[in-house]
Each structure stands twice: as C-alpha cells, then as structure tokens.
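Presented sequentially are two complexes of chain A, the first with chain B as partner and the second with chain C.
Now for the complex of A and B:
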C-alpha cells in the first residue's frame, strides 16, 4: 500500500507542492537531453547517408576531444586547436572512405556495422597512444557559473552547451532537407546503385557525411569534455544515444532531438520524484526501459520511416 | 515506325566487349553501334547478357576486353557517376528509386550533376545555390508535366503503385537531360494500358527531346513497333543485328526463341 502510494500519489503531491522546483528539474532535463541529441545526431547523419550504424561514434567523440585537449596542452591557442582538430576529423573521414567504405559498397548493413566496430577499437587505441589515458580538463572558455533565476538554480555552461547544440541540430536539419547536397546524401542513403546512376559521386558524399559526423563528434566532445573532463568514459555516452535513437527513429533528425529531450527530461523527473520509491538511481536504467517499451510497441520510433515490405 | 531523328552519326560504339564473372562468360565479343537519335533495342532470352551489356555501358561493370566509345571518347573503365556526367542516364529492371523520398525529390536528384554551387553556398542556402535550386526545379517540373505525374509530386515513391514508380524512374533519368537513355525493361510487369502509356512516353522522349534510347524489352510486339534497330543476344553471344524486319526473319533468332529440333 505504501509502495503504491509512493508511486501514484506522493510524486504528484511533491510536484504540486513546489512547481518551481519541478520546472528546475525539467529544465535540467532539457539541457541534458540536448546533449544526448547531439551525440545521437552523429549516428543519424551517418545512418541516413550511408545506411551504416556507426558503432564508432562514441570513439569519434573521444578521439576528437583527446586531440583537442592534446593540442591545447602543447600550447596551441584554442581557436587554432579547434581548426586543426576539425582538419584531423576530415582527414579521418577521407581515410575511412579510402580504407573501409570504398571496399564495402553494396554490402549488407551488418558487414558495415562490423567494420565500424573495428574502427571503434582503432580510434580508442590510437587516441590513447597519441595522447595518453589520463583524465584531462578541457576549458575552451565557455562560462561556468551558477546563478539564480526566478527561484531556480541554472548553470551558464549547461545553457550555452544547449544553445550550441540546438543551433547545430537546426542547421543540419535544414541542410539535409533543403539543399542539393542534402538531397544527394538522402539519395545515397536510400540506394547506392541508383544514386551512382544519376551521377552522385559516392566517395565524396561519404567523405562529406563522415566529416560532418566528425564535426558533430568534435562539438559533442567539447561540450561533454568541458562538463565531465576528457576521459575514456566519453565513449560510453554513445550508449546513452541508443535509447534516444530507438525513441526518435534512426533516420530522423527531428527524432534525434525530440528523443534526446524525452530521455533527458524523463530521466531527471523520474529520478527526483519516483527515485525514492525504488531506492534511487533510476536515472541509470530508465532510458533503456523506455527504449525497450518502444521496441515492443513502436519499433520504428516516433519519427522513423515505417518499414513496409512489398510482397 | 522509324523516327525521323535518326542520323548517320554514331553516338555510342561498342567494340569486342567480353565480360565474365569467374568462369561464366556473360558477354562474348559483342560489337554494335548506336546512332544519334535512334531507338535501339537489345533483346534475347533470359540470361542472354542484356542487363550486363547496359551495366557495361554505364560503368557498373568493367568488361575484361573491348572498348566503348561514347561521343567520340573511348574508355576501358569508367565509374557510373562519370558515365552520368558524360550524359548517360538509365533506369533499372527492378526499380531503383529513393523510396523514402517524394517524387519531386527523386526527380530532383536527376538534376544533381548540373548543380554547380558548392556545399558552402548550399549550406547557407543563399546566393548561387538559391538561384540554382529554382532553375533546376523548373526543369524537374517540366519533366513532371511531360510524364503527367503532377498529382503525385509530394508522395513518397515507396507508396506508389508499380507502374507509376516506373514512370518516376524514367522521370529521374530524363531530368538529367541525357544524350543517351538506357532503359532496362521499362515495361516489365505492366498491364496492357500501362505498356501503351510507357510506349508513348518513350516515343515522345525520342521524338520531342531527340534523346537517343537503348532499351531492353521482352515484349516482341513492343520492340518491333518502336525500335529502329535491334541487337539480339543469346548466351552472351550476338545472334543478329539489324532492323526489326531483318531480325524477325533471321533463322538463328527464330531458333533461339522458338527452339530448334535436333535430329
């Protein structure tokens, strides 16, 4: 009885009791959610344009962040360090196309997926051989101050991170939908062979999309690295992107955004209000439970393309 | 029904093409030419190597022997997107559309090659990219008018019935304003009415746009009706080459199609 009460009654009383605090929880959830969206976006981009589920996305985030921090430790000014890191990510994209994708045209998705698992290990290894495996502090000059607004505690770092992520997500969504290159990217994702027959050069498209994903990884690396330090566990945030993708659908940029927000907000709200009933620490598994529920009832996600097989 | 556009000028010259997969010879020393403005059919029983021939022409396959000359330029190996740049567009036997994209978007991909604004301008959606988009959109709309598919412009092509999908695929190829159009069984799986429509579009494309067409087709009455000259393949060999009348009376062709009695 007490347990039921703590699930169905107490949380709502708490919310009604202090709506300002509830709002604060929601906002912190939104801010975390935007960051999840950003990582999920890297997956969606590559999945849309090459039909590859890129297991190495998390490693790319780590690799970008490590490179950036490494350069800054060598005394390279922030601005140039970011430019050089971006150049490194483009170079990485070119290498991936030349050494991996080119040889796997028209192969099954699972084969490409396996290849990205290999890529994951290479990136993790190379990144740590080059820059070491210590936890590093990253400071790119984003303001990190906590202030009070309307009775809520907010953090400038979270806010600016969310703002940057939001801008990036919007720009990419528009780019995909309304430009010729965006259309070419979607075409490649849909059918390699048909895309080649209308004169879309597969190779340069792949380089573009992996570079963009590298750029997204860099931004995610900067934001997460500033928040939590640059360390090996950055790879694991990719795991958080999975439930986001399952909710939002693997092929939808808006889906990645909304999925990220739902997970971010859901996690925080559930932890704060329902946590006590389960003895806390719900935050860790709530996202996966939600994803599981989605897999059972709506496997294509909220916005994914419904798979209809013609027979 | 020979078209008036046919000239003596050779647009595509295929010489001594041999292609094998492992030990299987798909094509064995095939030579023929395609004149500017004509409708050229490739016929033959299943497995004769017809699609392989098209795949060689647009660069999906690289024949081990022989050479292909298109618009006076000879090549041994070529990537499909290079072939498209040269002015070769095609459709596929099993429709290969971008099924998640709308009819209009599919047709717009056909314009992709002609877009010159770089990614930077496109990303900003400004300046040259914007002007280009409008320009290409006009061409795409003309194609849509031509094929009478206005009412499905915004429909994702995956949802369209088979016959319409075939038409959209033709539209995508036409949007590239090709010099040479390769059609791989454009009428396969269609009912009589749809076939008649498709025939009309093919003849109109040839007649009004002056596009040279190479097509593979099984329906003999269609082939004999619309093509200027016919190549007959059988087990990767060339059996005959000539006008429909010549091919129709060729003994080898009759044997291949009707079978021959062994004594």
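Now for the complex of A and C:
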C-alpha cells in the first residue's frame, strides 16, 4: 500500500508542490537529452547511408574529444586544434572505409554490427594510448556561469550546448535537403544499387557520411567534455543512444532528436520523483525498459519506416 | 594420411549417425580427455589452475550457451552477464537456504532459474530481431544487475553487498569455499564442461538444433515449413540461459569465491560475445577454442614481451590488449567470419590429402 502510494500519489503531490523545481528537472533532462540526441544522430546518419549500425559512435566521441584535448595540451590554439581534430576524423573515416567496410560489403547487418564493436575497442585503445587515460578538463571558451531566471537555476554552459546542438541539427537538415551531396546521401540510403546505377560513387559517399558522423562525434565530445570532463565514461553514452534510436526509429533524424529528448527528460523526472520508491539509481535501466515497452507496441519507432517482410 | 575416413565402413544406422563418425575424431576427443583429466592436473600448479584453466573452462560453458542463442538460433544477445549473474545469485540463495542440499544439484537448479528469466527476456524476440533484440537484452543486463544490487534479499542483507561461496562438500570432498583445493574445483568445472559440451553437440545436430538454424537462416521460411517460432526461439533462450546460469554459478563458486554484481557487468557480456565471434558462430568446438583464445591472449601479452626483453607498462599493455582484441575481431569478421572453428575444419580438409594432394 505504501509502495503503491509512493508510485501513484506522492510523486504527483511533489510536482504540484513546487512546479519550479519540476521545471528545473525537466530542463536538466532536456539538456541531457540533447547530448543523447547528438550521439544518436551520428548513429542515424551512418545507418541511413550504409545500413551499418555503428556501435563505435561512443568511442568516436571519446576519440575526438581526447584528440582535441591532447592537441590543446600541446599548446595548439583552439581554432586550429578543432580543425586538426576534424582532419583526423576525416582520416579515420577514410581508414574505416578502406580497411573495414570495403571488405564487408554484402555481409549481414549483424556481422557489420559486430565489426563496429571491434572498431570500438580499437578506437578506445588507440585514443587512450595516444593521449593517456586520465580525466581531462576540456575548456573551449564556452561560458560556464550559473544564473537565476524566474526562480530557476540555469547554467549558461548548458544553454549554449543546447543552442549549438540545435544549430547543428538545422545545418545537417539543410545539408541533407538542399545540397547535391545531401541528395546523393539520401539516394544511397534509399537504394544502394539504384544510386550506383545513376553514377553516385558509393565509396566516397561512405567516406563522407563517416566524416559527418565524426564531426557530430566531435561536437558531442566537446559539449560532454566541457560539462563532465573528457573521460572513458563517454563511451557509455553509446549504449544510452540505443534506446533513443528504438524510440525515434533507426532511420529518422527528427526521431533521433525527439527520442533523445524523451529519454533525457523521462530519465531525470523518473529518477527524481519515482526513484525513491524503487531505491534510487533507476536512471541506469529506465531508458532500456522504456525502449523495451515501446518495442512491444511500435517496433518501428516513432518516425521509423515500417518494415514489411515477404518470403 | 592420418586423417582419412577411407576404409571406415558403417554397417548400422546408429554408427552412421554417431556423434563422432570418424575414428580419428574419436581418438582426438579421447586424447583431449586424457590430457584434461590426467596431464593438466599432473603438471599444472595453483597459479595455472586459478588464473588460466578454471576460468577458461567456465568461459567455455558460457560461450557454448551464447553460441546456442546467437550462433545457432541467430538471436543477438548482449545480456550474457546478467544471465550468469542470475545463476550465481540463485546458487547463493539456494545453498544458504538449504545448506544440506548437494551443491552440484544446486548448480543445475540455479541454471533452471536462469532459464526461466531467459524465457521472460526472450519474449520480445518474437516481435523483434537483430539490433532491436540487442537492446532488449541490454535492458535485461542493466535491470537485473540493478535489482541484485538494490534488493538486499538477494545477498542475504550482507553489509558488504557481496555474495561469498560457502564451504560445501560432496562425498566428503570440499568443492566450494575458501578451503576447496584448486584441483577439485578443476575437476568439477571440467566435468560440467564435458557433460554440457556433449549435450550441446547432441542438441544442435538434432531436431531442435535444426529448427534453430532454420529460424536463424530465414525465420519466415522456417515458419512456413512448420517450425513454430515461438517455441523454437524461447527454447533457444531457455537453453542458452541455462548454460549461462550454470557458468555464472561456477564463476563465483568454483573460481572467484566471492563477488559483487560488478563481476557480471556489460564487459563480461562483450567478452563472451568476442569468444564466440573469434571461435566461430554456430560451432560448439569453436566456443571452446574462442574461450581458450581470449583467456590465453592477455596472459601471452603480459608474459611474452618481457621474455624477449621488452617491458611494457601495465596500463599500456591493457590498452594494447584492447586494440589487439578489436583488430582480431575485425580481422576474423573480414577474413574468416566462421572463426577458429572454420580454420580447424580447413586444416582437417588439408590433412585428408596430405602429403599427396592431387
């Protein structure tokens, strides 16, 4: 009885009690959600263009952030450091295409997925050997101040992170919609063979899409790294991005964004209000359970394409 | 020359359907058994048992379990660690609640618990597959470990939050607990591995195994020829989780001695997955070879460079190990998607003609 009360009644009383605090929780959830969205976005880009489910996206985030921090520690000015890191990510994309994807054409999705698990390990190892495995502070000059607005405590860093993420999503959407390359990417996503037959070079498309995913990883790495320091746990957000993708659908860019926000907000709200009833720390599995429940009723996700199979 | 079935005639159907139809295979298995029963115990010391051979056998059992699910039935699982944890915690609860129960029976019973939970988390597999299913098993991984961490009942409200193997004997010989000799624990683990591997080998070449493979290769077509996906997939989940559960029980009770939930985290799941990728998806022998490979590689990497005079700092060695794992996985997927098991088969094919190929 007490347990039921703590699930069905007390949380709502708490919310009604101090709506401002609730709003704060929601906002912190939105910000966490933006980060999830960024990582999920990298997944979706690659999945759309090459059908590869890139488990290494989290490791790419870590790798990009480590490279950036490492370069800045060497005294490279920030602007050049970002440029060099970008170049490294493009190089990485080329290497991945040449060494791995090219040889795995026509393999099943699961084989490709497992190959990216291997890639995940390589990137983790290389990144940490090259730049060390301590937690590092990343400071790219984003303002980090806490201020009060309408009774809520807000952080300029979080707000600028959200802003940057929003800008990037818009840019990507425009890029996909209006540029020639973007159109080619969409064509490849629709049908590999048809795209090839009208003369779209599949290999360079893959390099482009992995580079764009590397760029997204770099941005995600900068934002996470500024907030929480560059550390190994960045890899774990890759695992959090999986339920985001289930919610949003594997092939939908808006789906990745909205799924990320739902998971981010849901996680924080549930942890704060329902956590005590279960003994806390339910943040760790809530997202997966939500995704699991979602799978039962809408396996294609909110915006995904419905898969119809025939023999 | 040595590996050739010429002249081996079968006169009964039983002989023709034997598990090892070729006499050289039977000899090979017999030699392996003699090595593991007599030679290894004779030469190995405490360090080798504890650091290499016992974990190798336990991982092999878990790898066989995962291979049944992923390699034979085609359902990708990232929740192996959680299913092993269920086996370990069920064993702990059972043997503290019923101290007089034979510990070997407890191991098997805890496998059944794990199978039950496996069935529950296998239900989503009826609607979803591939990556989607991987997420469902990830839910199992995180939820179950959280549950074992949070609910004190599972570890008997022990203040340290760990489960410890209590001393238990079978036929007057101490099998678990701090006083159990490494060699007895070795024999326990070995007998589980032999029985389980033979059972798995028989399951996968029978009706059940063939229906798993049909589901793996094309589920819709399998359904049309009369294989029930519901029963088949859940059976794969149940048997796989049973293997993993027993492996998890042995993991704590015959190897580590005591552990927290961290011993069963996502890294363990990945480790077992790598074993079956490198060993070979859809092969029992491959699971054992993969387990051996992954257990021996770090030991080789720590011991080999000093031998040739190169000294590597321990954290560098750890990262190098990660990179080598990663490279090997990619390498195997590209060059030999069927893993070590396939290489072994190629060697056997070559041996048939050696030394006089056409």
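In this section, the second predicted complex is superposed on the first by the 306 of 311 C-alpha atoms of A that agree within 3 Å, B and C clash if a C-alpha of one lies under 4 Å from a C-alpha of the other, contacts with A are read in each partner's own complex, and residues count from 1 in each chain.
As a convention for this text, a residue touches a chain if its C-beta (ideal position, glycine included) is under 8 Å from a C-beta of that chain, and two chains touch if they have at least 3 such contacts.
Note that the structure is predicted; figures quoted are calculated from it, not measured.
Residue contacts after overlaying the shared chain place A:57 against neither chain B nor chain C. Of the two partner chains placed by superposition, only chain B is touched by A:208; chain C is not.
In the superposition on chain A, A:67 makes contact with neither chain B nor chain C.
In the superposition on chain A, contact of A:226 is made with neither chain B nor chain C.
Looking at the shared chain after the overlay, A:288 reaches chain C, while chain B stays out of its contact range. After overlaying the two complexes on the shared chain, residue contacts for A:186 are found with chain B alone; chain C is out of touch. Looking at chain A, you'll find no residue that touches chain B in one structure and chain C in the other.
On the chain A side of its complex with chain C, the touching residues are 53, 99-100, 103-104, 107, 109-111, 113-115, 117-126, 128-129, 133, 239, 242-243, 246, 250, 278-282, 284-285, 288-289, 291-292, 295-296, 299, 309-311. Within the complex formed with chain A, the chain B residues making contact are 58, 60, 79-81, 84-85, 89-90, 92, 96-101, 105, 108-113, 115, 117, 119, 122-123, 125, 129, 132-133, 136, 158, 172-173, 176.
Residues 171, 174-175, 178-184, 186-187, 190-191, 193-202, 208, 251, 305, 308 of chain A are the ones that touch chain B when the two sit in their complex.
For chain C in complex with chain A, the touching residues are 74, 76, 124, 127-128, 130-132, 134-136, 138-139, 142-143, 146, 149-151, 218, 220-221, 224, 266, 270, 273, 277, 315-316, 319-323, 325-330, 333-334, 337.
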